[in-house]
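Look for chain A in each of the two complexes below; its partner is chain B in the first and chain C in the second.
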Partner chain A sequence: MSTGNPVPAPQEAVTTRPGTDDRHPEAGGSVGRRDVAPETARRGKRGQGTLLWWILALVIGVWCLFPLFSIFATSFKAPSDLANGALLPTTWSTENYREIFVGDSRELFLTALRNSIGITVIATLIAVVLATLAAYAIARLDFPGKKLVLTVSLMVSMFPVISLVTPLFNMWRVLGLYDTWLGLIIPYLSLTLPISIWTLAAFFKQIPWELDQAAQVDGATPLQAFRKVIVPLAAPGVFTTAIIAFFIAWNDFVFGISLTSTETARTVPAALAFFTGASQFESPTGAISAAAIIVTIPIVILVLLFQRQIVAGLTNGAVKG
Partner chain B sequence: MASITLNHIEKVYDDGYHAIRDVNLDIEDGEFVILVGPSGSGKSTLLRMIVGLEDISDGELLIDGRRVNEAAPKDRNLAMVFQNYALYPHLSVYENIAFPLRLSKDSSLTEEVIDRKVRDAARVLELQDHLERKPGNLSGGQRQRVAMGRAIVREADAFLFDEPLSNLDAKLRGQMRAEISQLQRRLATTSVYVTHDQTEAMTLGDRVAVLKKGVLQQVASPRELYEQPLNLFVAGFIGSPSMNFLPVSVRQQGGQYVLSYPIGDIPVPAEKARKAEGRDIVFMGLRPEFFQDAELVEDHKRPNGSEFEATLTHLEWLGHEQYGYIEFEPDPKVAELLSALAKDLDADELRPVVVTTLSAESTARPGVPTRLWVDTTRIHLFDPETGENLTRDAEAGAELTRRTAEARRRQIEAAQARDAASRA
Partner chain C sequence: MSTAVESTPRPRGRAKSARATSEARLGWLLAGPAFFVMLFVVLYPILQALYDSLFTYRLTAPDDKQFVGLANYGVILSDPVFWKDLGVTVLITVVTVLVELILGFLLALAMHHAIKQTRGLIRTMILVPYGIITVVSAFAWYYMFSIDSGFINSWFSWVPGITADLNWFAEGSTALSVIMLSEIWKTTPFISLLLLAGLAQVPGDLTEAAAVDGASWWQRMRLVILPNMKASIMVAVLFRAMDAFRIFDAVYIMTNGAYGTEVLSLLAYRTSIGRLEIGMGSAISVILFLCVALMAFIAVKVFKVDLADRGGSK
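Up next is the complex of A and B:
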């Protein structure tokens, strides 16, 4: 009871040097060899499993990325090349990019890009701040109507966007919000808030309540506890939510095309529909492809930038592991 | 340093659940008090009410004579060690320990002072080598130490522990128990410690408060709880293996009082038996170590008890002692009382079995009738209805607790003298 380990026999005590663990190679070679066979078998089985996963990942990757690649290839095709049915352009041309940045579509594309960035960033910021506060309350407080808030926010996100557009169009015209940034930010909030609240609430629920309480006992006000303990821990969740919200707003087409009429507020997805070819007999496929590639870039950059912050699991070690 | 006083503390949850009922407790400055009880007894709730994480429904909580019912946790200047440590995972060990100091508005806490205090605490807890690591990379024992460090660094008025050792393995638990005990003596800080582990309760506490369903049963030194329990619940809860309860009836036989019970009759001293008079059935409480193999009883002890013959149904040899089990058939009326008692003690059922601790030298074998001796001067008799201990000697109990309090003062003085000597 008092001595934890059984006392080793004297000879053993001599051969075992202090500090080495008992797996030194000269001892028990046969034991080691006997262990090798099941070890490799296990590794082999695991290898097969990983291989299967790799094949699956490859298939899904090709499935998802092939259309993107097709757009990418098309964006480099010369107009004469567009309808030839080949995947790759016969000659790689940057004509389409010139068209949208310096050519006829320049005005249309660049203002739309500015609108898109402005509207999406503002909508994302508002959505994340509101959702953080709401989700914290939902995760930590017991207030009447908590379920209602969650259910309503879920219901809002279930409405088909198209059914909201017509009434909004009429309301916005009356209120003077039609074809303004605010007129798009508000509906984008209704799209991004529910999902933001849900993801963040789930994230906050994972942070142990005790950390809050420990901070309060250590002398923090509730606000200090939130700022110094909860926010740093929630940062990955907030970043993830921000990116999701950004995607949703960035990719929206229906609101963008229905609630705008001029370039004061028209976003890129909507603007793409207004591209025209060089003549009315020429389709603007090349320019659209080039613009599509350009608008994908911010999203790729965002994901690469915040990859590290998205890594969750930061709460490990807060409680017994 | 502070005293903590609980006056008629009540806790009623919003759903109407009455978790704490009229708890009165005076915790002296520098005292180590344990709150113990089965799960659901409200011991953690009581601790969280002291620290301010739960509202107090009624009654008064005083720290150093100042009412703090309405004070926020941060204004009570108490330090708490949580069951799962609640370390801040994004901060290094150093910053975890420094956290309370950084929150303090005290302007004397410059960066240098903080650094010195953190390093002092780390030295006491042997964490110097781990200061730059994150809690996630530490072992359970090290995390436990960091949690302790965060508590001791800021000279709080009292330490509150919420089952701090329950996540550690048995060996580490023993080690940390000793460390907590020594640390508390050195710092002489008032401490309240919640546990369900009675080894912790018995070894750490100057006084132990036993709770049952939110009602304080008895507050006394571990020895008083063990030797002079106030009621059936305390008697059954304290001690392992726990006290045997046997339903007995008192008879007079040839001028001698005899308790007849399912495994035989035992003559008992008259002053004990007289306390049970007028009751049909009482519970006799026998600690397992009251029994002994009759052959091994020392002669000077023999007159304190009486011998009887019984057949052990089962025997467990543990090396330093052995547990002998004697099963018996209770009659139905008694069986009902036993199962009610089991419910109180948080056990599924109280098996009709008597556990005896026999000396390791005993050659008793299960299945063979064996002569056993039982010390009848130390038995307790309990009222089966109220659970009250009829044979409790309050004076002797109070004396035990007084002695513990004296021992505490001596230990604190000795620890501080040692510290002063090591500093000089």
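Up next is the complex of A and C:
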């Protein structure tokens, strides 16, 4: 903290150090948080800095949310209103949502939604269970080949998905897995398993496992120690990993369009590409937009509830605060 | 910036061989299922692809399967379509990764220094593009620019070159711009989070010391922060470059490869799934795989990127 400062300084000296705040208004916020010596002049500056931060957040927010809002607005445009050349619909119409929930596209969309949810959830669960076991071994045990497991999972995660599609397409036809749930769940594991192993291994390395022994010394049975100490410690990491794995499987398109041919197993991203309009002269734009909004809702809810955990999981606990 | 995923320090001294054996057995018992599932879902198919790529093999005429050695590769490598698609793929990779690196770094800086009230907000907002389905993102951008349902043409009609009749998806350069824009929007958050983790690792003492010594913002950035972040920048670039190289979804949705926007993944898809030419499609898949492997190899061997850094550092 006091590198370059000749006098070992107390906290106040750090925040009022010349140069930190004055020349660099962009750092004002982070300095201000540690400020323990309020001064009126600094207060004013801080207020200005706060405003700038809110403006910056607004700019970032517009960039991040605008495309989503745009397709949201499109989903409320009636077919005759699509070409109005404006962002917002002239009149807000729920016609497109009726089309996908009770109209002609109902079969296509609702079965695809069911397939997507079922296949993604199963693939996520399998990946997280297998990855939890593997990550526990990697974090706590010393065994030959530990490095190999990590290297292989890293290689698998870099693999171009399309390279798997051709051989799987052919194999699945022979094995009868083409156009089935299982035929998608298996390749989804190649997407979800590697990142789950890496994320969980990093989480598990930070857990103070010794608490388990401490609890046993204090008289808990091994099962109690596991249930009361280990599970609560490990659960957040496992849960976060499940969210990230879910995102990745939910996002898949390549396997979805290549390894399915009917509604038996077609997932939503693949189904979106096959949407047709109510008649062959009508564009499916509105229906696709409405379906796109529906499948984005779970993502937005998860992000709103768990942003901190997701960020920690993606950066493997490197970001705190 | 320790890398030690695999080196949990353990009290090796008291480890007896029986204990080590049982620990090794338990280790493989736990890690084995995940390991073999990964091998099964990736290694086996790619070996199958390698084998199939040596045959002329069409599903439309499966009985004519014939061993041709490396002839499929010869056909591909002498076909201008392949080189054009490779060029488009490389172009998309280079442009998107460069732009994302800059934007992602700015975003990471914003999050790193942000005041408490906005930090969580910014993080929540950037996770929306990260989590959204790529196909949805592609449709969102497509409809924005589309001549039928878009509004970009009327919003930006004052920009020279943009008129109400501009069809963005009827020409390679404009279509590629929109494709790249949607890719950048979707994946910048990921790169910014990796860079944010890197920023958090830069010792605060160093930057503060530099500030005390009178270094300007730019000097501190160039001489202190960036050199200390080199490792995480390299990891972020490598991860994103390999990801960008296999781009498929956005191109498929927006142009389906028309007007010179076809990429390698789409060529492989079109050959195997579209035309059912398994032998040729397998050969393209193998080439694509080799390209990505080569990128990883160069990054690790030449630029000494430590891939474990992403997972191992705390």
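Some observations on this one:
Following the convention adopted for this analysis, the second predicted complex is superposed on the first by the 227 of 321 C-alpha atoms of A that agree within 3 Å, B and C clash if a C-alpha of one lies under 4 Å from a C-alpha of the other, contacts with A are read in each partner's own complex, and residues count from 1 in each chain.
One rule holds in what follows: a contact is a pair of C-beta atoms (placed from the backbone, for glycine too) under 8 Å apart; a residue touches a chain by one contact, two chains touch by 3 or more.
Note that the structure is a prediction, hence the values are computed from the model and not measured.
By the touch criterion defined above, A:I60 reaches chain C but does not reach chain B. Of the two partner chains placed by superposition, only chain B is touched by A:D218; chain C is not.
Touch criterion met: A:A273 reaches chain C, while chain B stays clear of it. Of the two partner chains, chain C is the only one that A:L82 touches; chain B does not reach it. Once the two structures are overlaid, the count of chain A residues touched is higher for C than for its counterpart among chain B and chain C. In the superposition on chain A, contact of A:T240 is made with neither chain B nor chain C.
Overlaid on A, the two complexes show chain B and chain C touching the same residues of chain A, namely 4, 314-321. Every residue of chain A that touches chain B in the complex is listed here, in rising order: 4, 208, 210-211, 213-221, 224, 228-229, 232-233, 314-321. Contacts from chain B toward chain A in the complex involve residues 51-53, 72-74, 78-80, 82, 84-90, 99-100, 103-104, 134-138, 140, 143, 150, 154, 167, 171. Residues of chain A touching chain C in their complex: 1, 3-5, 14, 17, 19-20, 23-24, 26-27, 29-30, 32-33, 49-50, 53-54, 56-57, 60-61, 63-65, 67-68, 70-71, 74, 77, 82-83, 85-87, 130-131, 133-134, 136-150, 152-156, 158-171, 173, 186-187, 189-190, 193-194, 197-199, 201-202, 205-206, 247, 250-251, 253-254, 257-258, 268-269, 272-273, 283, 285, 288-289, 292, 295-296, 299-300, 302-304, 307-308, 310-311, 314-321. Put simply, chain C touches chain A in their complex at residues 5-6, 8, 10, 15, 20, 23-31, 33-35, 37-39, 41-42, 45-46, 48-49, 52, 59, 107, 110, 112-137, 139-141, 143-144, 146, 148-151, 153-155, 164, 182, 185, 189-190, 193-194, 196-197, 200-201, 204-206, 208-209, 211-214, 216-217, 239, 242, 245-246, 248-249, 252-253, 264-265, 268-269, 272-273, 278, 281-282, 284-286, 288-289, 292, 296, 307-308, 310-314.
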